Amino acid sequence: MDHVLLIEQFLNGFQLGIILFLMAAGLTLVFGIMDLVNLAHGSLFMIGAFVGGTLALLTGSFILGVILMIPAMLVIGIVIEMTALRTLYARDHLDQVLATFGLILFFNEATRLIWGPEGLVVPLPAFLDGSVEIGLGITYPVYRIVIIAVGLAVALGLYILVGRTRIGMLIRAGASNRTMAGALGVNIPKLFSIVFGIGAVLAGLAGLIITPITQAQIGMGEDVLILAFVVIVIGGIGSIRGAFIAAIVTGVIDTMGRSFLDVLLLLFLPANAAESAGPALSSMLIYILMAAILFFRPQGLFPPKGAQ
Amino acid sequence: MAGLEARSLIKAFGGLTATDNLSLEVAPGELHAVIGPNGAGKTTLVNLLSGLLKPDAGAITFAGRDITRLSAPARVKAGLARSFQITSIFRDFTALENVMLPVQTRHGHSFRFWTPVSRDTRLTAPARELLERVGLGDRADVRAGDLAYGEQRQLEIAISLATGPSFLLLDEPMAGMGPEESQGLVEFLRALKGRYTMLLVEHDMDAVFALADRITVLVYGRVIATGTPDEIRNDPEVRAAYLGEEEAA
Amino acid sequence: MSALANLRNPANAFTALVLLVFATGPFVMPLLGEPFYVIVFARIMVWAIAAVSLNLIMGYGGMISFGHAVYLGLGGYAVGILAFHGVTSGWAQLAVAVGASAAVALVFGAISLRTRGVYFIMITLALAQMIYFLGVSAEQYGSDDGLNILSRSDFGPAFYDLNDQATLYYTVFAVLLASVVVSGRLVGSRFGAVLRAAKSNDTRVQAVGVATYRYRLTAFVIAGVMCGIAGFLQANLESFVSPDMMSWPRSGELIFMVVLGGMSTLFGPVTGAFVFLMVSDTLSEWTIHWHIIFGPLLVLVVLFARGGIAGLLNRKSANG
């Protein structure tokens, strides 16, 4: 087997994992701390892509678009949290699922109204376009390396934020005992807004940085969302570390599975069967993985320690 | 009637050892009380014996059978029933329906899909009779969640009795009851003596000394004494650890 | 049906009205100059059957499956794939629909029911997605363009021909009534008692000697099969099947129908499906951007009308 293809696809998988991590981190934070199942998290992914993309086109600079997207998503996220989601904290998960499902419909349609059904093309600046030699005779797109780097930086940043800062401590306190934290004077509503805002920025970032590769499209958030849920279920709800590991594993397995499963199947099956089973099985692969993990550890790899 | 024996049970939760090398034996027909200060691990013991929790080490024998690895439902089938300290009933069902369900389990599996239970006298008759016995006969058709607290505690016991057990694990049945209600429950339990073997976890010392054939005292998950009520009353270690506190308070 | 006897109860009256509309549709609608509505009603009834099956596990069993639409697809593709290969026997297609739904429900249920709460919701979603992607990748059967079904299921006798619109319509109606009756019987039986008790207090059910997992799994399979039959009917109705029919938004809509009608009421899923689909059909005629109204509408229903239509109507009758 060609080692170039192997490494390329591994890196592609890693990059997909990074995107999934950005989504899953926000999702797991919001669920772990606010006990809120938010299906509309995928919409935040989409909104980040469209709003950030538009900012990039307006300013003429992709980098500027990314930078401006951050405060934009923070504001948008907090507004959504305060208007639509606050009432849902007290509700049970079914209500949250249904209400946020309704929000998805709304956001998708609103996006269509504002930007039209065609989606948005966001071009890469020239210096990010192109490939670079990364050793072992492999050339790899610069931009994908940038995505990986950004993702790792965010992961590190989150680790420091949650583990080492005052706000992180408040977040962890709110996660383990909301009522007690509130009684001790932590402004829970404000904390929740901030956490949601952070989640929105992460989702928006994920959406925006993938746009030069996939374009911004209506409904783009939903497929990523489901994978993100698989990731946090595998990783353990509320665990950012779990989200990171699970996201990378998911991304790598999914990508490499799609590329190499039919080759692998050829070892066991005749060519015809391998060719038709390959794509079918590879799209199912990640769910099979999830099912297998849940069979042995129903709470995921890093389950939450003690409930609220 | 059957006897129950726990041998060297150990159960730890993270850093906390809730049950520390606990051995206990309930003779057939006996009413054996377990007392101890809060945090002694009494409910953990009941959970271990009923199967809600599995011990980290040790063994449990019931009616001569090793039930250590047996699931909670299987232990009920074997004749072991428990009641909960924090009332655990089906709030949206009527009192009658609450008792009909355990009666149903006596008949084997419930993979019957057609006949409405409301019209099944093999369920309603025994259930009504049992409700009468615990004093809830005229409250049979009230929604369980709407019953008074004391009535819910009575229902709690009725549900445990309805499975037709030979052994009752009662976890603080008098929790939250006033003196009159407690007295009524004491009489009720006294009437059960001889028909069931019982392990009674309780804080109410009057009830304990009125009913128990033997008492085991638990402190921090360990047995510090086992004996007749008189022996326990006079045991210096027990007085220091537990009864002494009561008298001071 | 004796449950509907008290027609002074507004919820019952509404249900009776809906059933009456379904029963008389093929006669009345053409007279009103709106023959198209007959197909609309047939479609709604198919969804209602699916909703009844979901209500069994969700409303009465407390299992919120976000992947229930997958069984609509399984039933539909049973018809489609067999017809594609020349097997048009309704008996064969129905057997495959039932068998496939049962098998998948057994496997998916066995995995999902090891979890609770949100984990359960997400896992049912993800597992259903798996089948969805399987459908999308099945190029031989049209992948996401779907599969046209050239002939309806053939059950044999000349007098029972599903190509006759009326026969198909009233078959769907009959299955709908049957599904409600079966559902009612299940819920009221010993099996149903265990299921409902387990929803209310699973620990206590185990503490009285019932291993609840196997009962939940059985309910899950029964619901899957019922929904698979709905899918079988849907394929016949539409002469078409596509992976979209098992996509997760469809599952979400099913949940909504059940909640809208009133969860854990016998006819809630029927009225819920009726209202949901009539409203969405009407809104979609006004504007192609109807989701922008529909979305917030769903949110409002969840926030303010949690007991669904049955809840709203019963509250009115209690007060007025």
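A, B and C are the chain letters, set down in written order, and residue numbers restart from 1 in every chain.
Note that in this section contacts are C-beta pairs under 8 Å (C-beta built on N, C-alpha and C of every residue); 3 or more make two chains touch, one makes a residue touch a chain.
It should be emphasised that the depicted structure is a prediction, and the values quoted were computed from it without experimental measurement.
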Chain with Cα centroid nearest the overall Cα mean is chain C
Could you find the chain whose CA centre sits the greatest distance from that of chain B? A
Taking the mean of the C-alpha atoms as each chain's centre, how many Å separate chain A from chain C? 32
Distance between the CA centroids of chain A and chain B (whole Å) is 49
Taking the mean of the CA coordinates per chain, how far is chain B from chain C in Å? 43
Residues of chain C that touch at least two other chains are none
Among the residues of chain B, which are close enough to touch at least two other chains? none
Chain B to chain C touching residues, read off their complex: 50, 52, 71-74, 76-77, 81-82, 84, 88-93, 97, 100-102, 104-105, 110-118, 120, 159-160, 162-163
Chain C residues touching chain B - in the complex, by the definition given at the top: 185-186, 188-194, 196-197, 200-201, 203-211, 215, 218
Would you mind writing out the residues of chain A in touch with chain C in their complex? 31, 37, 84, 87, 91, 93-95, 97-99, 101-110, 112-113, 222, 226, 229-230, 233, 237, 276, 279-280, 283-284, 287-288, 290-291, 294-295, 298-300
Quick check: in the complex, which residue numbers of chain C touch chain A? 64, 66, 111, 114-115, 117-119, 121-123, 125-127, 129-130, 133-134, 136-140, 248-249, 252, 255-256, 259, 289-292, 294-299, 302-303, 306
